[in-house]
C-alpha cells in the first residue's frame, strides 16, 4: 500500500523523551478529550518549561486538533510561554495594590541595573523579569516571586540585592564545581 | 417558521423567526455597513459596524435574532457617529495606506469609510511594525492591512475544512497565523485553495504579483458551494 | 457516608479537639506565606515536639485569618475561651508562644497578641469566612466538626429542588462576582431549562488585579465551596460541577494539588460522586484550569476556556442558563456566592435576609489593601459605610497621609472620593457613585496617588486583557490609553481630553462583552470626581500628586522644543 | 481705476501650501486645465509653491494644504496658515491621513537619518544635519488636522481634478466642501 508523506506525518512523532511520555499520559488521562487542551498545555509547560514547535505538534496530533488551534489557544493565555526560561526569574506583581505601593519603582530599578524590561531575558540568558497580576497577597504588597519563592514587602533596593546575591551564588558554585 | 412584526426606523415591517436583525433590515432595503459579516460563513459580531438600537439599547444586528415587537433604529446620529469612530479606530490600528495598497479602489474598508463619511482619523496612528509573509507560491499575507475580521479563519474552517488559519495572541497584539505561526508557504495543512484570499475584505491577503490597485476579489463561490453542499442543492 | 455517620464523625472530632490542651493554627494562606509563615509553621512544630506536647496539641496549617498586612498570623484555640490571635510572628516569637501556652511562666508574648476587642475583628461579621483560619486547610474532619455537610444532608433529605431555589431566592442573595444578579433567579432559570444534562460552574479565576477573596476562600474553607456546589447541583438538576481556577500563578500548583486532594477526600467519604450520602443524587466535581485571562470573568469566555478554547466572548443571548457548556444549561456563580449557600440553608433564608440593606442582603468579603494600616480580607454586612471599613476596620491611612479615594471593582470599577466616605457599601450605592461593587477588591489611595495615573494603570490593564475580538475594545482601549499617556506626560491638549471622553462613551456602548463595556469606568469615575487633576495636567502642565513625569510638550510646541532638545543633546556630545 | 480696484478686492484670496508630500496634489491642481481660468476669474492666488511668494500673507480666504506635517518647518507654516486663513483644507491623502509620508513612522528619527544619510550611497560625515542643514524632524509624521483645526478635506493620492474642482468651486461659492461618496475615497 502506498503511504503518502502526509499520512505518515500525521501520526504523533516517535520520541525518546520521557517528558513527552508524560504529556502523552496526560492526554490519555483526559480521555483524548479535546476540551482538556488547556490542562494538557499546563502539564506540557510544567514538564518542558516552555512550549516549542515539536511539543505543540506532538500535542496537536495526540489530541487530533488542528495545529493552529493549539497555537491559538496557547498564545491567548499569558501563562504559556514559547521561549526557554532564563536561569533565574523575577516576577514583580503589578496588581493594583502593588502598583500603589511602588511596584513600578522596582521594575524601573531592575531595568536600570540589569537592562531587563518585563517580559525580557537578560542578554546572557541568566535573568528574566516578568510582571504578573496578581499572586493575591495584597496585604503584603509589593510582592515578588523570585525563582518560585514568594516574598512580601520588598523595596527596589532589596530586590536588586536579592538578585545580585542569587547571580553571585551561581558564580561561586561554578568556580567551586570544576 | 412564523412571521414576526417589528418596527424599523418608525415603520412596521415583518420578518421570519430565526432571521437575524441584519437579514431583516437588509431585506427591507436599509443598508447597514459590515466588515466581519459575510454571507455563507458564521457570524462573529466583532467589527460592530452593524450596531443598531433595539428598544434604546445598542446591539450588533448580525448576531441578534429578530424578535416580535422590537423597535429598531439603524441610523441615529449617535450610531452614525459611533460607526465613523469605529472606522477611525480601524484605520489607526495598522498601516492602512490606501494609495499604495494592492486593493486600492476595491477594498471594503476603504469604501465603507467613504460611505460612512469618515473623512479623517482623529486618533493617533499606532503605526505598528508588522511583517509580511510572501512565502506562499501563490498568495501574500500583509499584516499591515489586516483588520482581524477573521473571515479567512472562518472560510478555511467552515467551507474548505482545513483550519489552517488561526488567531494568535490577544487584544491589540492579535494576528492571523497559519498553523503553528510558521511561514504560510510551509503550512502542512493549507490546500492553497485561495478562499481566504477571496473573502478578505482588505489588502491583507492577495495574489502574488499584484501591484497597487490591481487586486480584486470575488466571493460568489460561497453561495454556490454552500447551496450545493450545505443546502444539498446538488443531488446527483 | 450517610447522615448518622456524618454526625458521628463530627462528634468524634469535636471530642478529640476538646481533649487537647490547645490548638495552634498557623496561617498558610498566600499573604502570610509571603511574609514567611512556612518558617513559623516549622518552628511551631519543632517547639511543640521539644515540649513533648505532640499528643496534646494540634499544629495545623490553617487558612486566612484576615489581617494579611500583619502576617504571619497565628491563632491559638484554648477550650471554650475566645481564640488568641498573634500578629507579626517570627520563628522566634513562635517558639515563645508555644512556651507560653505550654507553661504559664513562659516569656511574655502579649506584644504580638491582638486585643480581643480590636475593631478589625469586632466590626466584622464573618459568615462566609466563618471557618476561615479556624480549621485545617485540607482535613475534612475539622470542617465536619464545625457542622460541615449537614446543610447538604438536610437538603437531600428534607427539601425538594424547587424549595432550595426558593430559599436562595428568599434570602435575597445576589451574585458576588460583580454584577449582582439575583442568585435564586439564576438557579430557577437553570432548573427550569429543559435538558437531561446540566452543569454547575464556579468561577475562581479571579482576574481582578488586587483581589484575592475567592482564592482565599478556596484555600481556607474548600469543603464549604464543594458543599455549596453540590447543593446547587441538586437544586438545578446538574450532576457535574467544574471549579474553574487559575493555574500558573506562583504557588498555584501546590494549591491545585491540595484542592484535588480535598475533592477526592469528599468523594471517598461519599459526600460527592455517585449517590451522594446514599441518596439518588450524584454529583462529580472536576477542576479546570485558567491560564491568565481577565476576560474569563465574562461568563461566555469562561465557558469557552473550560472547553479548552480561546476565551473570546460570544454575544448573549443565549445565556449560559439556556445554552452553556457543550450546549447544556449551565449555572455559573463565583466562589463567594457558593460559599453563602451553606449558611443560608443552615440558618434559614429569613436570617440571611435580615442582614444587610433592603436590596443588598448578607455580607460582602473585601480584599482591603493599599494605604490602610490594616490590610487584609474582611467581611462586613452590606450597607456598612466606607468610612467604617477604612477607618475602623482598616485603621485609617498609614504614615499620616490623607485619604484620597477608594478604588472598588478593579479595572471594571471606579474611584470613590472622600466626600462619599459615608455612603453605604451596597450594589446600588456603588453604582450611583460611578463605581461597582465588583468581586470585592478595595484599594485605598492616599494623596501620594495621581488619579490620572491610576486611570492610566487600569487602562493599560484593559489593553493587555482585551481579547481582541471586537474593535471598540481592542483598539478603543489602546487609543484611550494613548490619550491618558499623553495627559500623564504633559503632551495632551483639552482636545485630547474631549477625544478621550467621547471614546469612553463609544467603547462602553458598543463593546461586545462586559470587559469592554466596563473598561472606561476607571476613566469615567476619575473624571467625574477628580476632573481638576486632569485639568491641572493639561492646562497647568503639572501633576498635583507629583507622580507623573510630565516631560513632554504638546505637538504645537515641538517647533521650539525639538531644536532646543537637539542642541542640548549635541552640546552634551561635544562636551563629552 | 476705482472700479477695477474694488473688483480685485472682492476676489477670493486663495493660497496653496506644500508640506511633506510629493507635489502630486499640486500637479493634479494644475490639471484643472481650463477650469483654472474659471478659478482665477474668481480667486487670486496669494501664496503657493507655484508662485514666487516668500511669506504667507494675512487675510487668506481659503488655503489648500498638500502634504503631511513631518518637520518643524511644516509645523510653523501650518500654524501661520491657520492664523491667517479663514478656511483651511487638507488637500490630498498626505495632509488628510499622513499617507506615504507617514510610512517612516515605524522608524525612530535617529534610525531614519542614519539609514538615509549614512548607510545609503555616498556617506556623509555624521552630525549637523539636525539643525543646520535640514529642519528637525518630528518624532512622527502627522496628518494636518492633528496639528491645526481643519475645515474640509479633499482625499485622494492625488485627488483627481474633478474632486478638486467640486470642493474648490463649492468653497468659492461660499458653500461647504462636502464631497459625494465616490469622491471621498482615500487612495
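Of note:
The first chain written gets the first letter, and so on, giving A, B, C and D; residue counts start at 1 in each chain.
The rule is short, and it goes like this: contacts are C-beta pairs under 8 Å (C-beta built on N, C-alpha and C of every residue); 3 or more make two chains touch, one makes a residue touch a chain.
Just so it is clear, the model here is predicted, and its values are computed rather than measured.
Contact tally for B-D versus C-D: the pair with more C-beta pairs in contact is B-D.
Centroids built from CA atoms put chain D at 34 Å from chain B.
Here the CA centre of chain C is 57 Å from the CA centre of chain D. Computed from the mean C-alpha positions, the centre of chain B lies at a distance of 39 Å from the centre of chain C. Chain A and chain C have Cα centroids lying 25 Å from one another. Residues of chain D found to touch two or more other chains are 146. Among all residues of chain B, those that touch two or more other chains are 122, 124, 167, 169-170. Shown for chain C are the residues in touch with two or more other chains, namely 293, 310, 312, 467. According to the touch criterion at the top of this document, the contacting chain pairs are A-B, A-C, B-C, B-D, C-D. Residues of chain D that touch chain C in their complex: 72, 75-76, 79, 127, 130-131, 136, 138, 142, 146-147. Interface residues of chain C facing chain D in the complex, by the touch rule stated above, are 555-556, 558-559, 562-563, 566-567, 570. On the chain B side of its complex with chain A, the touching residues are 162-170, 177-182, 188-189. Chain C contributes residues 293, 295, 310, 312, 314-315, 317, 463-472, 474-479, 482, 499, 502-503, 506, 509-512 to its touches with chain B in the complex.
Of all residues in chain B, those touching chain D in their complex are 91, 95, 97-101, 104-105, 110-111, 113-115, 117, 119-122, 124-125, 127-129, 213.
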